[in-house]
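In the two assemblies presented below, chain A is common to both, partnered first by chain B and then by chain C.
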Partner chain A sequence: MSIITISRGSSSMGKAVAEKVAAKLECDIFSRDLLFKTSGRFHVPQKTLEKAIHDAPGIFERYSHTKKVYLTYIRAILTEMVAGGNIVYYGLAGHLLLDKLPHVLKVRITANLDGRVKRKMTEGFSEKKARDMILADDDQRKKWSRKIYDADPNDCSLYDLTVCIDKLSVENAVDCICRCASRKAFESTSDCVRQSKDLSLAWNAKVLLVESFPDVGITCEYGNLLIYATEKEAHTTKFKKILDDIKKENYDIYNLEVHTGLPVPANAV
Partner chain B sequence: MSVLILSSENKELENQIAQKIAERLGYTTLDQQFYNEIAKKYTLDSKKLMDAMIITPSFLKRMPSKQWYYYLSCVEVEVLARLLEDNCVCWGLAAHLYVVVISHVLKVRLIGGHSLMSPGQVNMNEDKIKKIIAEQERSRENWSMTAYNRKEADPGLYDMVINLDQVQPDEAVDTLSTTMGYPRLKAMTYSKNNLADRALAARVKNVLLKSLTDIQVDAQNGTVVVTTASVKREKSKKIDTIKKIAAQVEGIGYLEVHWNKDMLTEAAMSYR
Partner chain C sequence: MQQLTPDMIMVLVMIGVAIFLFIVEWVRVDVVAILMMVALPLLHLVTPKEAFVGLSSNAVVSIIAVIIIGAGLDKTGMINKLVKPVLAIAGKSSSRIIVAVSFTVALISSFMQNIGAAALFLPAIQRISKLQKIPLSRLLMPVGFSAILGGTITLVGCSPLILLNDLLIPFNLEPFGLFDVTPIGLALVASGILCFIFLGRFILPQGDITENQENDHICALDSSDSQGTGDKCFYELTTPDDFMDYRDPVRVSNLHQRYLVSILALTEPPDFKTLSPSPDTEIRSGVDLVVWGKKKDVERMAAREDLKLKDTIECYGKEFEDANSGIVEAVVAPRSQFAGRSLGANNFNDRFRVSPLVIHRQDEVYRAKLDDIILQTGDVVSFYGTWKRLEVLHQEGGLLFSMPSDLEDMRPEKALWAGGWLVLSLVMIMGFNIQLSVALMTGALGMVLTRVLSIDEAYQSVDWRTIFLLAGLIPLGIATEKTGTAAWIAGSILYFIGDVQPIVLLTVIGILSTLFTLVISNVGATVLLVPLVVNMALAAHTDPRMAALVVGLATSNSFVLPTHQVNALYMGPGRYRTIDFIKAGSLISVIFLVVMIAMIYLFYGV
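Take a look at the complex of A and B:
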């Protein structure tokens, strides 16, 4: 029962590694399916979701919270998919979207620029075009991570294992990842499954609140949902109505409490 | 038939992991105790040699730039000579900064694991530990940039980075021991020649740094290229000196000296 996220730059053989890891561990594998499912449930075009998860916020987006809303939708679906376990996710930002789950093995595949350019050229691009595309993509990813999560995608502390694909072959990298996934820290214990389910509940509750109350924080432990909001927010009719909806839609919620005037805890979503 | 180079901010864990891997694979070890041997061979002050591997050149710390570069070069020469012997685990000697693009050398960075620190350090509060670590990282980055123009924490410098916050040290030992067995890391004639070229370049640089400054040395298939800079009127004198000194080094097939004009000194002199 492993949950593995594989992050990589474009043309870094990450997809090949992810597919082989999934085959070896007999896990489900997904990448773009996440956006497909999110789009289907929340009726947001896939392109818009892809932009939200790939491109850095523009000048106007910094003042609105549309990206935050779309990311909440994506995280709700992702945590739902992950709650079942046995999954390899090699799509965008997996290591950041699932940062609250300690038993997820977060892997980064790196490759040197020249090798990446050569691989990109096999898709029919000239050397200059291939290089420009890769650099532009890296730059966009860096900006996105910095703006949304204040993190650098090249920062190794975000991952449990970073492997350079130029030195080790795809097969070696796969072997390394599979061995690492079998370690105790990444075993999916009953406590881990419970944590995943709690996180999924919290994100699904956030989905209902995020559009009108983007700054509320939600934590969930053993099905007990705690919502951190301001006094003003908590007394609005809209807020109360949404709380009723949350209770109705999520049968797994054991208890729901609203805390006002308290600082939002660091582990809140 | 391969070499493992480890690098980490957490010296205690690095030491522990490196020793275990060497023991398991039956490899020799190369660590900071090697400084004493180097100091003895080159008749250097071993304390100063160790300091040179930590601090950047500074007049106040009594470490002039010329001496500092020479000390670093002595370490580089001796470490590379030892690595030529293969089957070795090396750590604490900054080898990850000067052993580059050698296919049978696996370079690994160990990060995190601060919760596994010694009891004395654990008693500190988390903020203090974070502050100390950040300070250490800044100073190491400053050192590595001055010495080799490379950032020590740059993941591009390593073949593998393991985060010890989640992975236990024993698990890291398992992973690395298995990785060292991959056929890709077996020493080939080509990779051995590459390492031999690096060692040759380091030896040439070392003899030149005894009396000269502003020297870069590269070697390929026994051909050594020395790049230097000086004012124009000293050009032939400097080239002759380099050729004369470098000739003492064994193993040079052909020696080439590339000279560049030292624009700054030239401008200063013409102003006078």
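Take a look at the complex of A and C:
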């Protein structure tokens, strides 16, 4: 019942590895389905969501919180999809989007640039074009990670396992990942399932608040939802109305409280 | 019009700085006052002697004496003893109760600090609310407003009025007597109470008793009530013999975090009973525990943690009898040592062996992560503990308890002495025309000599914040007057508004004072405005004493926002929102201005 995220650069064989891991562990696998589902539920074009999860925020987006809103939508759907466990996600930024779940196995597939260029050229691009496309893509993801999470995607401390596909075959990499996934640390215990559900509840509550109150923090433990807001925010009619909506829409919330004047804890979403 | 001099510009800058700091509250108001006390002589706007003259002023000595006399009356339990006769007179009608309690509080407030009277009466009002089943929200606001209005009944009722005579000295104006303001004050109190009686249902939140005190968040909050409802939220459970097998250790804090129930008693092997166990205590196999919480939470916990929920309290029956332990609501008092610190940092559990259960703040009820919540004045914390331990917590001070009066550390045998010294002070002021500060200090000294309270208790009762606020702002008033700034501002204002009727001028002063007191402290507003309005009145051929009196009275017209200490204190227990104060306070503020001007017109013939 593992949850595995596979992060990779373009043309790094990540998809092939992910598919084989999923087949071997009999897990569900998804990548773009995440954007499809998010788009369906929140009526935001897939292209916009993809930009939100791929491109670094522009000057205006830094002030309008649009990226924050779309990322919240995506994370709400992602946490919902992984809540049951037994999932391989090889889409964009899985290791960052699920950073609050300790039992997720976060894998990074790396490959040298020449090998990636060669693989890209098989899609009909010239060597220069292929190289430029890969470098541009890497650059955009690096910027996105830095701007949104202050993290470098090439920082191996973000992952539990980093596999260099040039030295290991796809099969070796799959074997390595599956062995790792069977370790106790990545077992989906009842406590892990509970944590996933709590996280999903927190993100779903955040979905309702993020547009008007982007800076509120939300934690959820054992179904007890805590919203950290400023006094000013908490006393607005809009905030109170949204709280009512959260209570109505999330039947699994056991208790909901708004704490004001306190710093937002590190584990808040 | 007079030319602006460099000194006047500097005084205007200092006034601007003081007002700015009062509004933004980067530092406390008393610190702003001390800043003025130090900065003005450094800028050569006042002499060093004038800078500190406030500390030896009649106003400051009077307020120290009033505070000590108030603390003495409090120590004897006289105030609490008033509750019974007041209730007997009032009967069961909520209107009569509001009238009786509000009028009593107003009278007490006329000789004590408003906040002191309000704090003293809070537990009594909570008991009245429970006994008579009147929602607290319908009682507290009228009573709180009456406490503020009561400060206008005598010249020692509130800081601005105490200060008034000192501010008139530079103008050689005749000082006011102790009861000169009484007709106006009584009319203000009466109009305020009548407003709540006739319009209360439109301007007061109409909470009901069940919503306030017995909703599903709270369970029963007072085990001492005779209905025996106190134990309905206590449940006894037993852990199974394999409770510690195949799982991480479960601690007292874990169960609260997961199910929002409080562990109030726990057996530690072999059979050592612990009440209010520490949050770190591990829960072992085969032990009994008593918890407090909502039934559905307790049932959820029992099901998930494999605990056996008993039908009744069995092992802890004696400990949980009403006679031995219970739950009390405690309100965080003004200037409480617990305010500004988180519940966890206050460490009630380890220091006093009592368990905090829930915190009420305005219309919010907090049950989760209580340790992180930073306590504020007016927060209501429900504690469970044995009566003995709760008494220790009560004696620590800083919390206003709604608990049976026999637990309170009172000195009823000294009541006659306390009352006698108060009367003697009044006789000295009225009969022998002895100065206010001397007469009141005699009363305060008498209370110490007759052991109504010890000298240490007297010192501790003095609110040094108020003292330095008063003393520190007096030099600013002196500088405003001495440099001619007050005359210049007054002249400028009159130049713009032209000739006006005295009654119109007083109304404008009243409105100005009301607006000032909403954004800066009432003392600050008085110190800044009195020299100004006296100059304005002199220039406009209006009675300057009346202009000063309007400022002294109207700086108590602070009802629209919960910024006044009394309003802030009552906001939590009354579960009021800011909008409740805006609604009722706006009306009372308008009535205050109308009644005040009408009374000055009628009694003083302005």
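Heads up, the rule we're going with is that the second predicted complex is superposed on the first by the 269 of 269 C-alpha atoms of A that agree within 3 Å, B and C clash if a C-alpha of one lies under 4 Å from a C-alpha of the other, contacts with A are read in each partner's own complex, and residues count from 1 in each chain.
By our rule, a residue touches a chain if its C-beta (ideal position, glycine included) is under 8 Å from a C-beta of that chain, and two chains touch if they have at least 3 such contacts.
Remember, it's a predicted structure, so these values are computed and weren't measured experimentally.
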### Message
Please determine, from the superposition on chain A, whether chain B and chain C clash or fit.
### Response
fit
### Task
Could you read off the angle at the CA centre of chain A, spanning the centres of chain B and chain C, to the nearest 10°?
110
### Task
Pick one for A:Thr237: touches chain B only (first), chain C only (second), both, or neither.
neither
### Query
First (chain B), second (chain C), both or neither: which does A:Thr122 touch?
neither
### Message
Counting residues of chain A touched by each partner, does chain B or chain C come out ahead?
### Response
B
### Message
A:Tyr222 in the overlay: touching chain B, chain C, both, or neither? Say first, second, both or neither.
### Response
second
### Query
Of the partners chain B and chain C, which touch A:Pro102 in the superposed model: first, second, both, neither?
first
### Query
So, does A:Gly261 touch the first partner chain B, the second partner chain C, both, or neither?
second
### Task
Give one of first, second, both or neither to describe whether A:Lys184 is in contact with chain B, with chain C, with both, or with none.
first
### Message
Considering the aligned complexes, could you tell me the closest Cα pair distance between chain B and chain C in angstrom?
### Response
19
### Query
Can you list the residues of chain A that touch chain B in one structure and chain C in the other?
none
### Task
Write out the stretch or stretches of chain C touching chain A in their complex.
257-260, 297, 300, 364-369, 372-374, 577-578
### Task
Note which residues of chain A are touching chain B in the complex, please.
102, 105, 108, 110, 112, 154, 156-157, 159-164, 167-169, 172, 175-176, 179-180, 183-186
### Residues of chain B defined as touching chain A within the complex
103, 106, 109, 111-112, 153, 155-156, 158-163, 165-168, 171, 174-175, 178-179, 182, 184
### Query
Which chain A residues qualify as touching chain C in the complex?
221-222, 224, 226, 235, 254-255, 257-259, 261-262
